[in-house]
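Okay, handing you the structure first.
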Amino acid sequence: MSGLKVIKKALLTSLWFVFLTFPIMVIKVDPVERIIRWRWQNSLYVALGTFCVYLLAQFILQRKIKKLESQTEQDSLPKESVIHRILANPKQRNLLIVALSAVILAFPLFSSSYQTNVMITALMYVVLGLGLNIVVGMAGLLDLGYVAFYAVGAYSYALLNHHFQLGFWAVLPIGGGLAALFGILLGFPVLRLRGDYLAIVTLGFGEIIRLILENWSEFSKGPSGISNISRPGLFGIELSLDSAIIYLYYLMILFVIVTIFIVNRLQDSRLGRAWIALREDEIACQAMGIDKRKTKLVAFSLGAFWAGIIGVVFAAKTTFVNPASFTFLESAIILSIVVLGGMGSIVGVIFGAMILILLPEYLRALSEYRMLAFGAILVAMMVFRPQGLISNIRRTYRFEKTHSLNVK
Amino acid sequence: MDYFIELFFSGITRGAIYALIALGYTMVYGIIGLINFAHGEIYMIGAFTSFIVATVLSIYGFPLLAIVLLSGVAAVIWSSAYGYTVEKIAYKPLRHAPRLSPLISAIGMSIFLQNYVLLAQTSDFLPFPELIPDFPFMEPVAHIVGSSDLIILITTAIIMLILTFIIKFTRVGKAMRATAQDRTMAMLVGINVNQIISVTFIIGSALAAIGGLLIASHIGQINFYIGFLAGIKAFTAAVLGGIGSIPGAVLGSLVLGLTESFATGYVSSDYEDVFAFSLLVLILIFKPSGLLGKAETKKV
Amino acid sequence: MNSPILKISGLTMDFGGIRALNRLELDVNAGEIVALIGPNGAGKTTFFNCLTGIYKPTAGEIMLTPPGSSKSISLKGLKPNHVTEKGLARTFQNIRLFSQMTVLENVMIGRHCRTKAFILGAIFRNAATRKEEKQIVESSAAILEKVGLADQANEFAKNLSYGAQRRLEIARALATEPFLLLLDEPAAGMNPQETHELDRLIREISKDGQSILLIEHDMKLVMSLSDRIFVMDYGKKIAQGKPSEIRANPAVIKAYLGEDVDA
Amino acid sequence: MKLMKSKKILAAAAVMMMAMYAPVAGNAADTIKFGVAGPHSGDLASYGLPTVNAAKLVIDQVNAKGGINGKKIEMLIEDDVCKPEIATNTATKLVSEGAQVVLGHICSGATVAAMPIYRDAKILVMSPSATTDPLTYSGEYPNFFRTIAPNAAQSPTMADFALNKLGLTKIAVIHDKGDYGKPLAEGAKKAIDDSGKGKVVLFEGITPGAVDYSAIVQKIKQSGAEAVIFGGYHPEASKIVSMMKKKRLKAEFISDDGVKDDTFIKVAGKDAEGVYAVGPEDVTSNKMAMKAKEEHKAAFKSDPGAFFDGAYAATTVMLHAIEKAGSTDLDALKKVLQEEKVETPVGAINFDQKGDAVGVGYSMYQVQNGKYVVVK
């Protein structure tokens, strides 16, 4: 497009937005005092803002198109990202791992406890994202009620700790197990629903769990929640708040590593292949002898298991749970992590969680514009990179004719 | 028996309210298979626009009828404009993207629009002017069906008829149906698919705007967050009825409204949503494509 | 003559008011290659779908007698994966490969129902799991060798040529260790060279002792391969017999009406 | 091309790191850091933002006069979206940034989650709105104060008023299922049951934000209730009151501090007439409350929202305590807060040992001619 034409379109666009935002941005009424305030200056801001944003968006799009045009046919395959290229090179990978582990291990030492605390939250969402990734990314089941299993884990710990003084480590497997059990219970009736129907049923299930926690006061103490939950213990030593945060941080690092390890192994297994096949073509999958129901159920309950585990960590971290923490928005955020990172990609989920959890925290500088910016960034990221940050390059089985088999 | 009738009318009023929003969901889903999570926000913007216009006009001393009509028209115009723009910004570039990307984009849009109205207007609840007066002739039954209930029911019925007419008999409607069935095929027979998608968003948004006006006037208050719950419920209703089906959306909404009303009346309002969602799960288990949804035949 | 391993009697399938299959009778003997032919819309694929559990037939019976066993099993109402476990595998008319997976992985999926490793095996990768994985890869590779795709084992399935994709579908089905292989128009869209190779491949499979039931429009292929041929029209069987008998059958010629029965 | 991409990632990482450490850098010791925490975005922003406004007004005035003991007051405003898990981040952030006193949090759940962090850091926290009993009654949070009545004080007032003042016996108790409304309603139910004078004919929760409340209103009518006690906030209260008028249900409506808010009258309009609500004493005739309202109108061109008075009062007493104590040491501040009465928009108050405000008599108000009037 020629420069002049772009400017003209930008002008038209900004005019359209001036019209669009007219009632809400310009007029403010006080219906009781019967006063109207006309804020014409806002129109000017809108006009200027849209004009600039439009030009910027065009610039990015043009570049993207040019890049696409310059690519040859063979490039049309998902290209390996920098991350994958680094991971593929053993020397670079080792260097990266050493550097990264140094930073990760030293992080609490040079950060305030706020930074560490936020990082713990981000790590929790990494694991949640990896768990949901099994369900959505690998098995292709759209789950909008993932938060329900998270709540099951959190309340298992809260209640068992409150009534029976059970410790963190004792409840960890119980919380995970209960969540997985809930996953199976829900999965049985609903897994034969397809795509979006499954989505709404899981959404409904998430809401049902929250509402029960809210209303069944005898069981869950209702909206007042359960407070004074013990932090995770370290061989019976009572930790101060700061050291508890640091302890939890290293614990989460451990969880993340274990989760990555397990998810990785699952992905490369008979089960992982079945999930991917199921995601691609259910009918062909069944015709090849894969039990659709069982395979989906396993994905569902494994995902739930991780949500349960992190639920326990959540309760231990905040020392307080109430139903307000388990709303639909939470499920939406976890799903966004998976999609934004790049469905099915482990590295992608880690990036997605870091961005989506750290972003609102560091956007605090924008104060009241925080969530506005967050929403806009979500849209922009999807528009400019719909396949997610890291496109999923699955490791594939390689077979050499010499019968030397290696899994790359 | 009186109690039953009272609950019945509460239920269908609520259902009619859901229906106005659910229609937009179902139309958009039918055409592009997208759960448009920002639709609840379009409804909220409709309510806000009509609130602003109605208040301005009443301060300038316009007569009630003029206020109702003008604020309704304004709500429809601006909601449609928002719906159109949202589609162009957040969904159109994602037409060939992986299936879940537009969903995340929609969630982002929804968060954005909520906070946009929060910042540009207020976080507080605002009193919505009473646009539907108490009709004297309704007085004997007012304890069962109020004037605003009546207007909501009538409007929903009329809109439903008009919409059915448009979809069944007009050129646009036929093009919409064709696009819904097979987008590539529709394109091949010369339908401008992008245009049809825009039209769908515009019609859906206009319905949401009318819903916004009626509901806000019925309840008497608005704030920036009203779209969220209404949106979720309407979406549930649309799926219950069989997403993509227009009579289905209305039926699903009525069923949902009645369930909630009777659950409140005969069991407990603590669990009205539990009942609503349980009903949804049950119906989908026995009828996986909703009440009026077309059963999908597996093509092998 | 062998006893039939597959016996279908009175198989009927209704879709709403439309009767797609009408009291169909058919049988396949051990080691036989049987072809099912008929004009488009005759109900051939519907028949396959009923057979493999994708559709649930309205009436009739499907009996399977595994070779070397005297007991018959009814397949009616079984789920597709159970049908496959019982020893029946199929290919699809419109190719349904897992396009995001490699050629080798596609075949490995076929091994799924003959292997066991589960969550714990996947996580801990114990000796048994490792052994099983190795076997999966090796036997899949052997099958690829057989169908002539070994060189392309690491390609993504979507990047294969049309003929190769068809062969991969057969390989994937073979990986499930069926004793009866159902092929749905395996030669569709192939050039003569590819069809020729397919002919050879099917014969080889048959030589290994597998029975084959195929739907095919390529009459040359059908006539050269089949031991027996069944002809369907409007959901009914209209003829059956040896290729030479079918060629001369007036009912068949009428059903194909104008279509040149290529001989 | 490839190099550029990795450079970009590096640059992004660098920006991220900088963003992470930027807030820590600004560490001037010559200000008093005043934290304000609450929901400033999301569905409950309407309860958090008025608090920020109140603190701004008071602090601007104090700063205009030269601050306290020569030190200016710096506000640290942090959003917690009313979520417990975010509130712990908010609290650690405020502590890390050196907040010396904190106004907040708003929701009880978020407050309960955040308190252990402030307690360990020995920071004074004062909430204008967190009513859950354990915050003061459990004795676990010696650094917590509030300018709102705890549930334990409010619920019996509502029950007592309905039973003894109005002489009604059949009462429906409704709540919004929230951490504020539900305990209040449960307290009221218990008070009624214990009194033996009346009967709770209906006890139910409603869904906040639902599009229509006619079914529950029909149910109240069916239950034959003469009075409705509602635990919750004003948006739901006004919806129920309007629906009661629409459905021609004549029962008294008695509610809590969350409803005793001018916004309720604004939103419910003429339907608000006759509604009773518990609230701190003397607000309408309180000069300071009127002044605060005028200041808000002048500064923000709108009427103040919920918890504005309480937040204004909390800011005032905290700054007063800092000035008197000459430091922000917790024990010194506590001493001043407990010993000295300070004039605020909610009356002249000091605090008891637990942390609850003394001198805020709670009385019953009724909406008469568009105003809350004390019922004698």
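Residue numbering begins at 1 within each chain, and the chains themselves are lettered A, B, C and D in the order written.
Here, a residue touches a chain if its C-beta (ideal position, glycine included) is under 8 Å from a C-beta of that chain, and two chains touch if they have at least 3 such contacts.
No experiment lies behind these values; they were computed from the predicted model shown.
Graph distance from chain A to chain C, where chains that touch are one step apart, equals 1.
Chain centroids computed from C-alpha atoms place A closest to the centre of all protein C-alpha atoms shown.
Ranked by C-beta contact pairs, the top interface belongs to chains A-B.
Chain A and chain B have centres, each the mean of its CA atoms, that are 29 Å apart. For the pair chain B and chain D, the distance between C-alpha centroids works out to 34 Å.
Averaged C-alpha coordinates give centres for chain B and chain C that are 49 Å from one another. Counting partners per residue, chain B has 115, 122, 126-127, 270, 273, 298, 300 as the residues that reach two or more other chains. Shared contact sites, meaning residues of chain C that touch two or more other chains, fall at 54, 92. Along chain A, residues 31-32, 215, 283, 368, 371 each make contact with two or more other chains.
Contact residues of chain C toward chain A in the complex are 52-54, 79-81, 84-85, 89-90, 92, 96-102, 104-105, 108-110, 112-115, 117-119, 121-123, 125, 129, 132-134, 136-138, 141, 144, 150-151, 153-154, 156, 172-173, 175-176. The touching residues of chain B, counted against chain D in their complex, run 3, 6-7, 9-11, 13-14, 17-18, 115, 118, 122-127, 130, 142-143, 146, 148-149, 215, 218-221, 223, 225-226, 228-230, 233, 260-262, 264-265, 268-270, 272-273. Chain A makes touch with chain B in their complex at residues 16-17, 19-25, 27-29, 31-32, 34-36, 42, 136, 142, 189-190, 192-197, 199-201, 203-205, 207-208, 211-212, 215, 283, 328, 332, 335-336, 339-340, 343, 368-369, 371-372, 374-379, 382-383, 386-388.
By the touch rule above, chain D contacts chain A in their complex via residues 2, 5-6, 9, 16, 19-20, 22-24, 40-42, 77-79, 82-85, 87-89, 92-93, 95-97, 107-109, 112-113, 116-117, 120-121, 132, 134, 140, 177-179, 182-183, 186, 205, 266, 301-303. Interface of chain D with chain B (complex): residues 41-43, 45-46, 49, 177, 204-207, 209-212, 214-216, 218-219, 221-222, 234-235, 238-239, 242, 246-249, 263, 266-269, 271, 302, 305.
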